[in-house]
Amino acid sequence: MSKRHVLSIAGVNKTFGGLKALTDINLNIEEGKTHAIIGPNGAGKSTLLNTCIGRLKPDNGTITFEGTDLTGGNMTPHGINQLGVSRVFQTPEIFPDLTLLQNVMIPAFAKRDGAFSFNIFKGLREEKQLRDEAMHLLEDFEMQNLAHVHAGSLSRGNKRRLELAMCLIQHPKLLLLDEPTAGMARHDTNRTIDLLKKIKERGMTKVIIEHDMHVVFSLADRISVLAQGAIIAEGTPDEIKGHPKVREAYLGTAEI
Amino acid sequence: MQSIVESSRTRDTFTLLIFIAVVLTAPIWGEFIGAGYPDLLQKFAIFGLFAIGYNILFGLTGYLSFGHAAFLGVGSYATVWSFKLLSMNAIPAVIFAVALSAIFAVVIGYLSLRRSGIYFSILTLAFAQMSYNMAYSVLTPITNGETGLQLKSSDPRVLDAALGVEPQAVPLADLFGITLNGYAGFYFCAAILILGFWLSMKIFRSPFGMKLVAIKSNQTRMEFTGFSPRPYLLTAFVISGVYAGLAGSLMAIVDPLAGAERMQWTASGEVVLMTILGGVGTLFGPILGAATIKYFENIFSAINNQVLESAYSFMPEWLSDIAILLTRPFVGEGWHLMLGVLFMAIIIFLPGGIIEGVRRIGGIFKKSKQIEEDA
Amino acid sequence: MDAILLQVLNGLDKGGAYALIALGLTLVFGTLGVVNFAHGALFMMGAFVAVSVQNLLTISMKVRDTSITFFEAYKETPYLEVWFGDVGTTIIDYSVPISILIAIPIMLLIGLAMERGLIRHFYKRDHADQILVTFGLAIVLQEIIKANFGANPIPQSAPDIVAGSAAVGALIGAEGIVYPWWRLIYLAFSLVVIGGVFAFLQFTTFGMVVRAGMYDRTMVGLLGINIERRFTIVFGLAAVVAGLAGVMYTPILPPDYHMGMDFLVLSFVVVVVGGMGSLGGAVAAGFLLGILQSFFSMNEVKEILPGIDQIIIYLVAVAILLIRPRGLMGKD
Amino acid sequence: MSTDNEKFGTLSRRGFMKASAATAAAVAAPTILTSTAHAYVNEPKGGTVTLGFNVPQTGAYADEGADELRAYKLAVKHLNGEGDGGMLNTMTNCVLKGNGVNGKKVAYVTGDTQTKSDAARASAKRMIEKDGAVMITGGSSSGVAIAVQGLCQEAGVIFMAGLTHSNDTTGKDRKKNGFRHFFNTEMSGAALAPILKKEFGTDRTAYHLTADYSWGWSQEGSIKKYTESMGWKTAAAVRTPLGAGDFSQYITPVLNSGADVLVLNHYGKDMVNSLTQAVQFGLRDKQVNGKDFQIVVPLFSRLMAQGAGENIKGIYGSTNWNWSLTDEGSKAFVKSFGAEYGFPPSQAAHTCYVQTLLYANACQMAGTFNPCGVIDALEGFKFDGMGNGPTEYRAADHQCFKDVLVVKGNENPSSQFDLLKIVEVTPRAQVEYAPDMADVAGELGACNPGA
């Protein structure tokens, strides 16, 4: 297989005031791979993710997604999504006033109709194909019983899973997951891992930011370790496990 | 949001038919509540339309505009100018009003929607107040200021002149020979109200409507889901602006006059009150709210001692005196007080408006029925 | 040159009034997070405290006036004058300053009652609901005032001793320039009140807690401080400031039931231009808009831009909101 | 409601109900269902005739509206033979006998104009369409008066204007079905100018502050016209926004403008505020060009002047009527109004009372309520004993021509109501103008009985 890079981060630096948040980050995400970014609290993981999707503007360096420059402010969030990048947030961002089914249908519309479409003459009921697809996905997530419940009333774990479903229905080329299992019970975490593995088989590229090493080592093909804003190590899970620098900087203080 | 329901087609058709029946029979049921005369019925329809349109913006997206009266005024002015320059026929007047209010809505909406929340409200308020102040004074050559834009039998009316239509002594709008005042005017308004209601229902049941609610619900998610919220918001803003323009046009059609005070911020506040009072974000609520407020304005304000005395004449004198003492502050010149109290009560106890009240009462019935069935 | 100086004074004077009203509004927004459309009504209530005080002081002995035969007319002499002669007349003359003292407890009570009875139930509701319920309250309050005092303006006069004008021009060598004493007093008064509020927030423990609460409410709550109670008092304080602004304004603008609504839109524009929740911004914006309004009302300007004085406030608001949405001094 | 209300203009309700019950095609039906049973709209069929009193009950002019309503109720009483009869006893050419009008008892309905054209028209329409009123009267602003007058012309009822001072009401926008007893800006200018000349001389420079809407402009125009013709100069005429509140930024430029007279073309709250503030700025105490600075308020209203308190003392202006007049008519009216309500009537109350009586009298003279008959009776009608001396309803523009009062704020009021002192009664001849004079020329049109 050719090593095609979906996302390339080249020479990115970011400072807040005098504080260096990211130092000379170079990272290439290979197509079809699951790439995990780990690191202790305050290592700059979220800053890196927000820089990737153009929410933060780096001081220098570039971020390219399949040849398109995403560097800070160049692309709108919806523009980046339309390129095929979906994102799961650390605190779930869903539509609390809509039902689960509608929550999942909305991103499907975005995928099908683009950033704006004025379609009032075909009622929701007539969108049969899209509905069925959304319903199937909810079944995959074992949430079909909740399809007509308002999403605002879900538990936090279910909200996270719903958000994941909302991303998956778009079949993104790149899925960014910001601690997808944080705050979940072990049982839910395992279910989510299974789900993510299933997607992996479909060949979707993913970037995961995660604390939970269990999740990381179950899913990741490659791992980058971030410490104090710099990548101190990168490699396969096995390489990382044995990496002395990592042990010193990070794993020494955490359990695996 | 309860209103975005995936209702079945038959149910929707049924709702629409009921609505049509209620609107068309308004002169009959209006009689029982003292509202059975053309002007008030016209006002019900016109402000109902205004509120329906406003609800598409405020109810679905949550953007609270304090400037929609500006579009109402623009619609009225455009209509009267069409009557003056082109023809007394209502069709070109409506088209002209819709086009002009749409242009205004695009410009004001484009600028105002760059901000959200209270900033958006203040921006719309500022635009409307500027329009009002200018229309009242500096723009008098176009608007005839305080007096309001009126028709004259000597106006040019080029289309009518070309078609050889005789100028009337008292110019009244018409629709191919039917003079649009009195009940004919009401039915013209009613037809457009029904059309407006149908379109609003379409929007409520469409992906577009669902996306508007999604924007209200979580704008960040909406953006990261691949939607650009601003064109959606602008479309909703323009649609509601056009509804307002259409309402303004109808006002000028049934009564050919356009005054600046239609654009004042308090007039914008009125449509907010209507929408909230009836039930924001619901299909029927805004129309109910509009009818309630117009009913208060026209019927409650006309209640004087004489009327109260005759209303309480069945009571013994001492009791009727007490009844008058208790009700008098809220009617006649006190109808604003009544409105304020009612409005506060609704916001505090029934945030879903009259519609929620109806639903709760319906809920009680349903429950008691269930209990019976269970037993 | 004289004209410019006078317009600066006019602007400062207007600005003082705007700033006072906006100060309370922004204080309430900053602390309680409530958009209070009844704030204008508080201003109006303050003015009517002055009216009531005057009415009380001038309760009169009525003597049938026989010179009028068409209807029963009375010659009225206030009891204060009957009983105390010149002293009584002087007391009546000072009814506005007296009203200030009386307005403080009354407005505080009104404010506390409003917060306890209504506003606090709306902390968790969204801004639209707050706007609407307080708007409803404003209507109710002004209708009650109208039912009791009528719709016409009711004149209030400043004490005779400050009825004339001060030769302010003498200070800078422009002899001809005079400015009414009462307006200068109003300006000084507004500066003192604004300064007082700032000092209160800056130098007292109470104020420090409130400022901390404005900055991060949950944080302060976590420290075990009962921030809610303090916020209630802040609302009362805002009501007092608005009320005092109203009392002091009565000799300039004879109060009527609608004056609160007339100021409401304007004060919101001031708050937004200053930056929602920024006290310094509200004050700065108040003075800025006052001065702009004065300058754009000058004939020289109006000849070039007819009607500009009618819309300048709104134009500034639109420009600020589009160019600098957080206002002059607002936080992001 | 009585059976009088069965018919509504061009459409009979019963006919309508049939049509709408049958089919939705009823939309097209109304025009072919034109009623022929009535000679004119709202022809009273029972024992009563209904008048519509449309006054501001909310908004800035609510107190004035309340006073108008008091006067109307009093007029109805007098027409129906209750009370002391008021001006019925003093009016000349009066055919009313205190037993109603044309044998029918007078009833009335009330409504709130809110001083907004739309609301006023809606309220008037309710009276016409629902309550069966044959005449609409009242109002406290010219915008509203013109709007309602236009409506009455369309609907085919008579409009008897209340307080409206703009020339347009019986000028540019005059209507065959509309009548005004109140005076106007042209008359104010013509009446005031000679007094101003007498009191202040011919070498004066005036500075106008003008409410920025049509009435203000019209007032400014007439004062300018008449004062300039007697040699005054105009330093500037500045437009102020309606409801400005604080006028300081408009007043300070007056101080150094070289003007020695300030003309405040304001009414209502604007007048109260601008006058209060102008006095506060020391204009009254000023000396300019060796002369005492003067302030003029062309249209005075006692009710509103109360709001300016002390500040109106010595200020010149004009008014339509004042309760301190001592002619028989005024005395009779003030007496019965005072007895009823405990205080004297305002000029608004007076004009409304007189209008009601004049209308009733015209109906009685015509023997019908048909607007065309009433108009014939009112046009050119001459009367006296109603407080303004000999008066004529001019046929050409439906404007009453009568003497105009020039008044001055009373320096030593004997009571809280004694605010205005009559300086001069300017005779009618001096304030009369040609009906086709530039700026006031208009088309009356034809009478419209509505049916």
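Structure notes:
Letters A, B, C and D name the chains as they come in the text, with residue numbers starting at 1 for each one.
As a working rule, contacts are C-beta pairs under 8 Å (C-beta built on N, C-alpha and C of every residue); 3 or more make two chains touch, one makes a residue touch a chain.
Bear in mind that the values here come from a model prediction, so they are computed numbers and not experimental data.
Compare each chain's C-alpha centroid with the centroid of every protein C-alpha atom shown, and the nearest one belongs to B.
Chain geometry summary: the mean Cα position of chain C and that of chain D are 36 Å apart.
Centre-to-centre separation between chain B and chain D, using Cα means, comes to 33 Å. With centres set at the average Cα position, the gap from chain A to chain D is 74 Å. Look at where the CA atoms of chain A average out and do the same for chain B: the two points lie 45 Å apart. Counting partners per residue, chain D has 62, 212, 239, 241 as the residues that reach two or more other chains. Among the residues of chain C, those in touch with two or more other chains are 307, 310. Among the residues of chain B, those in touch with two or more other chains are 133, 137-138, 336.
Inter-chain contacts occur between A-B, B-C, B-D, C-D. Residue ranges of chain C in contact with chain D, taken from their complex: 2-3, 6-7, 9-11, 13-14, 17, 65, 67-76, 146, 150-157, 164-165, 176, 178-180, 182-183, 251-254, 256, 258-259, 262-263, 293-294, 297-299, 302, 307, 309-310.
Within the complex formed with chain D, the residues of chain B that make contact are 24-25, 27-28, 34, 36-40, 43, 133, 136-138, 140, 144-148, 150, 153-154, 169-170, 172, 177-179, 181-184, 187-188, 191, 251, 255, 257, 259, 261-262, 297-299, 301-302, 304, 306, 332-333, 335-336.
The touching residues of chain D, counted against chain C in their complex, run 59-64, 212, 236, 238-241, 243, 245-246, 248-250, 252-253, 255-256, 269, 272-273, 276-277, 280-282, 285, 303-304, 306-311, 323, 331, 334-335, 337-339, 342-344, 414-417.
By the touch rule above, chain B contacts chain C in their complex via residues 62, 64, 111, 114-115, 117-119, 121-123, 125-127, 129-130, 133-134, 137-138, 265, 269, 272-273, 276, 329, 334, 336-337, 339-341, 343-344, 347-348, 351. Note for the complex: chain B touches chain A at residues 1, 4, 6-9, 199, 202-203, 205-211, 213-214, 216-218, 220-228, 231-232, 235.
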